[in-house]
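Let me begin by presenting the structure, written as structure tokens, before commenting on it.
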């Protein structure tokens, strides 16, 4: 029974596999475009038009509107591409971590420090 | 005959670039991390490599999901850094060594590694930061060969395959007729996870065991599947695959010249090691 | 369990597209070539595949030398043809099968094939012409999975590696849980050379031996290096590597349903074969 | 003596290896752009400007000016990309073959037919 393995066996974790990659292609392609400063500016100038240009679906559009990382992952986003979206708002990885875990940034930092013990 | 004089493995968190730009090396938050590197620089000054083979993963700068390689080898005359989306300052271009790159590509394909050859390539923080940590003046004294490993899009190459790629790289380099000294770098990890409810996951016990295995039991991590490695080290901790490639370029017996481990930088448990072939 | 019901191998000369567009199938120059295909169509009508795995080489449409894969697998929902520079009429898009594509990619990477996954891909005449020869109404009744082999930029994968890729594809397809019929196509060759003072080189003796080996001694060509294959079959004749992959998806014993060989179309010795697993 | 093998062992044949690929990168990149009809038109409208944009060296520029396939190969051109350049002038593979072998097209066709015997 090789298919008895769950596709996503790690709790709290979405491994970015083919299924996620298919779901998130448009979203990740948009985020990939944010490597270029001119594209980041175009997004900021007209978010709706920019999302429409990349053909985001309603779920992706909503997750982008909410700047909500868990929703973005649910919609197929990949952490490495999403990081470029977060960069537009000057969010660092600890802001992102706090948001996803429902902590304050200080709580999240404390959690990281605790791992050192 | 070219000779691999050793390997340096290190984490490559983007925030390090910001800290370098702001001169925070002595800041209490950053000091325990940056203090790992002066011994590596002393070692480099001693072994004087002409070439760095840089094993890393691209974070969505040079490669997108339209054409996502498992393994890619740079074959350009020059590699430039570029804006990755966060405004990390870019650094001076890196010299390539297209002759050596093509030699490596030929040997790897002969050895049944199905690599992508890249005659044009931009390199991201996973390449530039380890270079900047080793040569803080950023006057790169080496030519470089980028080796890119997919740690982004499952299926990832297994730890076993990555270790074998390292073995094959070592054979390729050993058959390079020029009498040159090569340092292999492997960047990324150690345990961290940026995404999901498990964001902030760190596994000190695993990391220390993994660093120990680099010295004493190099194939240890090959017993794990890539999904198991994600479970043990986090969705981005799996970047340790780059360490496996670098370690695979060294003989079974190595001497540890130096190592450092510190939690946390950004969301990451950082590790670094300097390994030499045992005499 | 999916089942490979057979393989079709054929040449893929661009000029065929022009002849189809002009309706020259019965023209004396073209007839000996096109006459090879009605038996293949009868066979397809009998075996009724749901899926075509198309093994071919890109001729500089989807891939350039900045990122040149050894092996690439399409994983898109649709593949479009595009202008290749000569104004061959483009054809209707082809349906993909992303689920099967990802299954194949996962199995191949597990099997230590270092493939490139392509979620977006344009397909050239090496993909479209064999489809148009098999289904002249161009209402494609199948879903497709493109498998692209580097025959453009040395080092090329060896014939042995290509044959093994075929073996691995067969294992991947056999483990696909859906009860579907798959035809594998391998396109390109046979002997021809477009470039250099040796342009126009054709080697009938080698081609006939190679076609015979497809039936009676499938690993025969693996004894040659890719440079030797260029010497024997021409700089573009080496596209026969795609035939090796397709042949590798079938068991050692096969039954030849049909074959055709004709010299020349354009500068090319054209061959085609329909092979089935022996009962 | 593994290096005793000549790099190009097949007479009248330049295998497109890493050395050729390095030499011909700009030339092949230009030819790759001819997949797009607008780029072909731009080349025809101003050949000098188009070649300059892709940074062709003098040898490559001269070979393009001469529409000479052997010179183009010598300058690092790859047959698959050069075919797109030939397409601009409506040349087929037999025209190309005749040019490279110093035959008339009819002679070249006769040579191909002779291979059938």
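Each chain gets a letter, A, B, C and D, in the order it is written, and its residues are counted from 1.
Criterion: a contact is a pair of C-beta atoms (placed from the backbone, for glycine too) under 8 Å apart; a residue touches a chain by one contact, two chains touch by 3 or more.
Fair warning: this is a prediction, and the values are worked out from it, not measured in the lab.
Looking at chain pairs B-D and A-B, which one is connected by more C-beta pairs in contact?
Top pair by contacting C-beta pairs is A-B.
Centre to centre, by mean C-alpha position, how many angstrom separate chain A and chain C?
The computed centroid separation for chain A versus chain C comes out at 39 Å.
How big is the gap, in whole Å, between where the Cα atoms of chain A centre and where those of chain B centre?
25
Centroid from C-alpha atoms only, then distance chain A to chain D, rounded to Å. What do you get?
46
Would you mind listing the residues of chain D that make contact with two or more other chains?
Counting only residues that touch two or more other chains, chain D contributes 17-18, 21, 25.
Of all the residues in chain B, which ones touch at least 2 other chains?
Expected reply: 65, 105-106, 117, 119-120, 153-155.
What pattern do the touching chains form: line, ring, star, complete or other?
Contact pattern: none of line, ring, star or complete.
Let me know each pair of chains that touch one another.
Here the touching chain pairs work out to A-B, A-C, B-C, B-D, C-D.
Residue numbers of chain D touching chain B in their complex, please.
Against chain B, the touching part of chain D is residues 2-3, 17-19, 21-22, 25.
Touching chain D in the complex: which residues of chain B?
Listed in rising order, the residues of chain B that touch chain D are 75, 77, 98, 101-102, 105-106, 117, 119-120, 175, 177.
Within the complex, which stretch of chain D touches chain C?
9-18, 21, 25, 28-29, 31-32, 34-37, 40, 69-70, 73, 78-85, 87-88, 92-94, 96-97, 100-101, 108, 111-113, 115-116
Show me the residue ranges of chain C that touch chain D in the complex, using the header's touch definition.
Per the touch definition, chain C meets chain D at residues 14-15, 59-61, 64-65, 82-87, 152-155, 193-204, 227, 230-231, 235-236, 262-264, 266-267, 269.
Under the touch definition given earlier, write down the residues of chain B that touch chain C in their complex.
Against chain C, chain B makes touches at 63, 65-72, 105-106, 109-110, 112-121, 153-158, 161, 164.
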